[in-house]
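Shared between the two complexes below is chain A, which pairs with chain B and chain C, respectively.
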Partner chain A sequence: MPGPALSRVHGLFLSLVPSLEVEETLERLQSQKGVQGIMVANTEGIPIKSTMDDPTTARYAKLTCNLKARSTVHTSDPQNDFTFLRIRSKKNEIMVAPDKDYFLIVIQNPTESATLWAPSVIT
Partner chain B sequence: MLREAQGQRSRCSAPARGAGRGAVPMATRVRPWRLGPAGSAGAEKLATGGAASAEGPGRPGPLQDETLGVASVPSRWRDAQGFRGETKSCQTASVATADAASQARKRADAEVQTEAPGPGVLPAPRHDSARLAAFLRRVEATVVRELNRNWRSHAFDGFSVNWTEPQCTVTCLHTLGYPPAQGQGLHVTSVSWNTTGSVVACAYGRLDDGDWSTLKSFVCAWNLDRRGLSPRQPSAVVEVPSAVMCLAFHPTQPSHVAGGLYSGEVLVWDLSRPEDPLLWCTGLTDDTHTDPVYQVVWLPEPRHSHHFRVLSVATDGKVLLWQGVGAGQLQLTEGFALVVQQLPRNTKLKKPPRGETEVGTTAVAFSSFDPSLFVLGTEGGFPLKCSLAAEEAALTRMPSSVPLRAPAQFTFSPHGGPVYSVSCSPFHRNLFLSAGTDGHVHLYSMLQAQPLTSLRLSPKYLFAVRWSPVRPLVFAAASGEGDVQLFDLQKSSQKPTVSIKQTQDGSPVYCLEFNRQQTQLLAAGDAQGTVKVWQLSSEFTEQGPRETEDLEQLAEEVAT
Partner chain C sequence: MASKLQKRKSSSGQKTSKRGKNRPTLTVGEEEEPTNMESLGHPEIYPVVLTTKTQEIFNCRIDEDITDEQPYKLIKKEDILADFQNRAAVSDFYPVKKVIQEYPGDEILLVYDKDFKYGLNFYLVGTEEGKENYLNAPEIPEEQEEYKEHIPEEICIYKAPISKPWVSLGSEKEIEEESVKESTKKITYMISRKRHQFGAPIKFSDQNASSVKDAYIECTAYPDKNFTLRQLEKDIGMQVVPEVKDISTQTRWTYPKNAITQYHPREFSEEEKETLGQAKSLTDFLNNVSISVEIALQQNEIMNTFIDDWKCLAEEEGTFGDKTDTHLKEYQSFTDLHNLTEKMITCVSWHPVIYGLIAVSVAVRLSFEDRVHFSGKLLLQPSLILFWSFSDPIHPQLMLESPDDIFCFKFCPSDPNIIAGGCINGQIVMWDITAHADRIENIKTGGSRSKKVTLKPMFLLEPDSNKEAMYIRHCAVSSIENGHKHVITDIHWLPDTFEINRMGTVFENRSGICCQLVTCSADCTICFWDIRPQKALTPQPTEKKKDESIEIPFDVPSTFLHLDLAWKPLSKIRLSKGETSLDHCPTKISLSEDHLQYKAQDKMLAQSKAAKVGDMNPYQNLEGGLANHLKPREDFCTKFFVGTEEGEVIYTDWKMERDSETGRLMTKKPVSLYTVHDGAVHTVQRSPFYKDIILTIGGWNVAIWKEGVMTGPLLQTSCAPKRYTSGHWSLTRPGVFYIGREDGYIDIWDLLEKTHEPALSQNICITMITCIKPWTFSAKQQFIAVADYYGTLHILEIPWTLSHPSANEVLSMNYYFEREVKHLEYVDQRKKIREQEKKEMQLEMEKKKAKTYQKSKEQLEAELKMDYESYLELERSILVNLGLIKVSEKVSYMEMM
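The block that comes next holds the complex of A and B.
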């Protein structure tokens, strides 16, 4: 692991080449436990970067167009604002981190502790 | 009356000699009758005429017959019809006509053709990398923290939500049959759903005939979405000269269906043309199968993925690929032949009887993950893993216009009898099921010859087995005892979750198919010539959480 001074230099270098930094960040996120895919989309729902294949990306990109989370939170309390969204579904967990111009969508497949299937006996 | 008058005249003529006008009273004296005004004048004339002739040529004898003119007695009771007439005429005013001609001088021809939808291409927008990088820097820490927390969280363990009304029972939605075919004692040999999921077609034939048969049979289709669906009257019926053994709808054209006959031919019909449904046929050439075709499958062409070819499998050991060319002819493009000598030797098989070198194939299933990989079920009871890309030439003497290749790459350990049906899992690339006459269903993995598990479903034959298209751990099997058994490997791997009794007298169920669009429907055809469409309970149509992972676990745990 590079020492703090070296990582600062590294970070400085990367900030000079922003596309490299983007790629590296996405790789780091992708390597987290259980992550199935990552996507960055703009506020119109057009995907900018994605680690998943095209049909899956297109499906999740539609999520951001219809996101009413910000208006929900903001209108109920004008001092409050929407910072993070987690949607738990049957198959996986979808996390959305918003911003003024972009959305980061991460799909994760968390484990469940119990296994439901027991081996059968061969007759 | 006229004759009487003449008679009177002749008798009267003798004394009336010389008497001119006197004849009239004479005549009237003898037989008075009423005469109209015209009549008396006529009688007078006649009388004078008679008298004149009496005086004419000499003196006739005292009694002589003379012929007088005809006496006409006008009718008194029928008055002369006077009529009053007026003449009127009318004439339409003259019609004005004008002739004008026009001619388009410029023409443009344009054709429109929809193409099958290609994969959607997302536009790549321009973006500002620096701002994107800054954004990612801001959110990365939060996201990573949430990811880790989620990984360790037990908050949602065992938690599931019911979005739909759970339906508990399996019900029979429709019982469809074609009375003329049932009257001939034909069985339903195959059912197929079309690409939109609204039409179910069935093929009639007989599965217990050993001899060559010249039985006429039918292909019937019912449109289940149509109002006024009549179960005894299919929306389309095609008469076929030979028994149809298998049926498959086209993957994108809702009305095209391919069928394989007992005579070895492969035909493609268009059900939307009732007057002439036959689109393509192979005819009986050197290339066609010499044995009944037991399964047909549509395959996309390697280069043009929206054109399709038909693959047919028959017990003469050939697996043939047909392409429709113009003028209604199905032409052989590729072919494979299976001979015993070329089977992979990784499994010890029984020695075949002398003289038989072909391996009869009865079922085929293509992998959903690798389009060139397929599994063949054989009469010898052993499934074979094959590839469309195999290059080795087949050692066969069967005549063929294209070189036949040997496709088998791996032999799996056999059933106790011929395999009638194979099905590859749509959720796992290595798992497939095979069902045979020994009443067992074997679950195989492509990686090993021994089955992962073997389930005994019925003491009689099993005719069809299919994986569910929505639930990774569910499959259905059609048995010779007349029931359709649904297995849920998540609940129990020993006995079926639901056993649906299709026939009342225990006659076999020969075929079944899940509907991929309306996933709660399952069609099954039996030996009594009826097709029953079953509606499955919601537990068979909704994927439970983590089923795909359980399937993977199944594949791995049992193998070891």
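The block that comes next holds the complex of A and C.
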């Protein structure tokens, strides 16, 4: 029957649109220089979307969901809230952006991509 | 005892009748018998006590009348009787009154008993006989004494025992008490069988004691009431204590077991993921969050905020030595003093593994004609490769013999005990010093250094003075007919990662060792050699003869026996310029991979490989390396650089191709050829830092090339004042290289400092430098070996500034090279532009010319005439000025004015 089929297709289209946006955003982030991986996880640490392999994803998601960052910020000043976290390690930088229900985790390798760095003698 | 008895008797006698006489010793009754010394064997002696009064009466005073000489006195009996009457009981003689009354004679002997022998101080002798005895006796004892003295105790006078009656002293009571006596009389029974049963057969049987009645009688125990005691009182101590409970259990310990937990992280299923992924909340979230994330990412891109600028600005502080010290310091120098002929050093090589060991090849310093002239003498002297060690500057550690002067040699990268060298006559010589490896590994300085290192004159030096000089014969030489025909100028080991076949195709090298060599020689060929035994395709009977005739000394290892004198090159490449002109004469080649420094990693690999084979040196078992089913490597770069004697740098390919017409294997034409140097190229070397940068030195200048850039060298220096004779890249600094000159100076170039002239120039010796080889032993110690024309090897220490690279040197050099490449490209482009411009200019010029040609003939004539006239005038004026023509008076003067 054409009616329900059309509506189904229409529904599909509608549902496709948000996912396209999501993909677009993620791709945009991925295209930045030095980005090693992006993943989206829920508050319990279960990954939803990821550009990296499964074991790494699972590990990062689980570890970041246990972060006490929110409590650190919120308890010292109730009006303050935790908006962004950057962890700089020797090899890369982990960025965590939280939300009510989700986490966005991005891993970047910064030093290689930095264009402005220490002055050196150039002949 | 005797006296006791006597006393008892006297006391018992006393009991009967007592008289109160206070004499302690004797209380004698009237009726009593006087005591005598009967018990002592002298019954006639009666001891008496004489008081002083009595002594006075009878004139027997002690020590006056009676002396030791006459201790007796004869007293008249009547006197004593008279005394009795006078003094009655008080008289001392009273106890012996009876004796005196009964005495038969008239005189009684009274003897003074000085020693109280008989208990009292005097004694009477009661009998005449005794008196006589006593009076006569003193003579006898004296005699007896004298007799005794002469014969001491020889004769024992036997006295027969005199039986005496038993005197009981009460011991039988004790014995009676102790003795056991039968209390009752013993009853005896006699039991016997009836007479008629005697001797009858006996029948024994068993019987249980309890079964038969009265077979036994037992005495059972029963509580006897007579003996039961009832304790009516009890004495116990008591104490109140808290209640204590003691319980223990034993746990059962089972064996340890591994417990495993297996888990997997919670994950959403695919559908859940999809639904979540499409939920609107996710998109909103991402939209919100992505902005901040992007900012953060871009921040990192722009600037590294965590960088420590201060730290990055400073160079490394840990320098050794003065920073201003940039000169090479002389460390040691080696000269071979044993040989008398003048020699020069042709090639130097550090031992890849052992510290302080350097090998040097020496050749005679003669020109070709002189060599021919003195060939007889030269045959007698061995050509050597000397091994010098830092610890011994006078005696070389090892000396490798070769049939002729060596011009170049190399240690095998996978086994430093194998050395390949190229001779002046075109032969390749192989040595295997595995047998002497321990000799050079454990070089002790004790031998020559402990004693005074004085240089003895040549004629005093014995061949085996301090240490035996080891002459090691070569292992194998290549075949004379099939090899090179001229001096071998360069020899390289092919790296162990690949191998090539006759066609020049590259295969993977499975054996893990370097097994192929490449040589180039002055006969315009480059040959590839394989040290593994090749299967002979056709049998060659001539070789058998050779084997029989030549005997190899026993101490030569047989590693390369199969190659000796029968070694043919794998393939030959002829560098021909074409059919008309002479071929190129290669002096040095540089392959794509070169082992400038024996890496420690390779050593480990080689060792581990050797261990895998079962401690067998792979070079001992070379046949195992042949395998026909190796796969060819397609993408391998088979091109290499060659420097020639004419100063050209050729970039060519070693792969052979089949000529379409003749079907023979032909070498390809060189890819590029440049003539940049004014003299023979003696150094073609790849940089240890960049795989595609090559340094070529020849004649009076230096050129740096980049592989792939066909337009020309990246850098070409201007002509130097002196000819360059050797050179080498620095092993640690990418922009530094060392060049040796013919006047004994070393030029050190630092491309980061100056590119038009050397950064430093230092004098090393007085003659031409033939070879330079730097070597790194540690981060602090870097040496450079400089060999000169007179045969001396100088070892210099490279200062810190020259050996230690600055922080970004590699990158800076890379940048520099890139710039140069760009410069070349620009020049190329400019050339094209220039050509175009040139063309345009020419066109214009031609156009101009074409225009001027169209003028008419008459105009031309008129113009010519005018020109001629003006010329005449000019001529005249000049001549007048010179004074050669006389000027006519007026007109000309006026005209002149």
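In the analysis below, the second predicted complex is superposed on the first by the 95 of 123 C-alpha atoms of A that agree within 3 Å, B and C clash if a C-alpha of one lies under 4 Å from a C-alpha of the other, contacts with A are read in each partner's own complex, and residues count from 1 in each chain.
By definition in this document, contacts are C-beta pairs under 8 Å (C-beta built on N, C-alpha and C of every residue); 3 or more make two chains touch, one makes a residue touch a chain.
Keep in mind it's a predicted model, so treat the numbers as computed, not measured.
In the superposition on chain A, A:Thr25 contacts both chain B and chain C. When both complexes are overlaid on chain A, the residue A:Lys62 reaches chain C alone and has no touch with chain B. Contacts of A:Leu104 after superposition on the shared chain: both chain B and chain C are touched. Contacts of A:Met95 after superposition: both chain B and chain C are touched.
Judged by the document's definition of touching, chain A residues 15, 18-19, 21-22, 25-26, 28-29, 32-35, 40, 42, 46-49, 58, 83-84, 86, 88, 93, 95, 97, 99, 101-102, 104, 106, 108, 110-111, 113-117, 119-123 lie at the interface with chain B and also at the interface with chain C. Across the interface of their complex, chain A is touched by residues 265-268, 273, 276-283, 285-290, 292-294, 296-298, 300-304, 306-307, 309, 312-313, 752, 806-808, 812, 815-816 of chain C.
If you check the complex, the residues on chain B that touch chain A are 119-123, 125, 127, 129-140, 142-144, 146-148, 150-151, 153-154, 156-158, 160, 453-456, 473, 489-490, 493-494, 543-546, 548, 550, 553-554, 557-558. Considering their complex, residues 14-15, 18-19, 21-22, 25-26, 28-29, 32-35, 40, 42, 46-49, 54-55, 57-58, 61, 83-84, 86, 88, 90-91, 93, 95, 97, 99, 101-102, 104, 106, 108, 110-117, 119-123 of chain A touch chain B. On the side of chain A, the complex with chain C involves touching residues 15, 18-19, 21-22, 25-26, 28-29, 32-35, 40, 42, 44-49, 58, 62, 83-84, 86, 88, 93, 95, 97, 99-102, 104, 106, 108, 110-111, 113-123.
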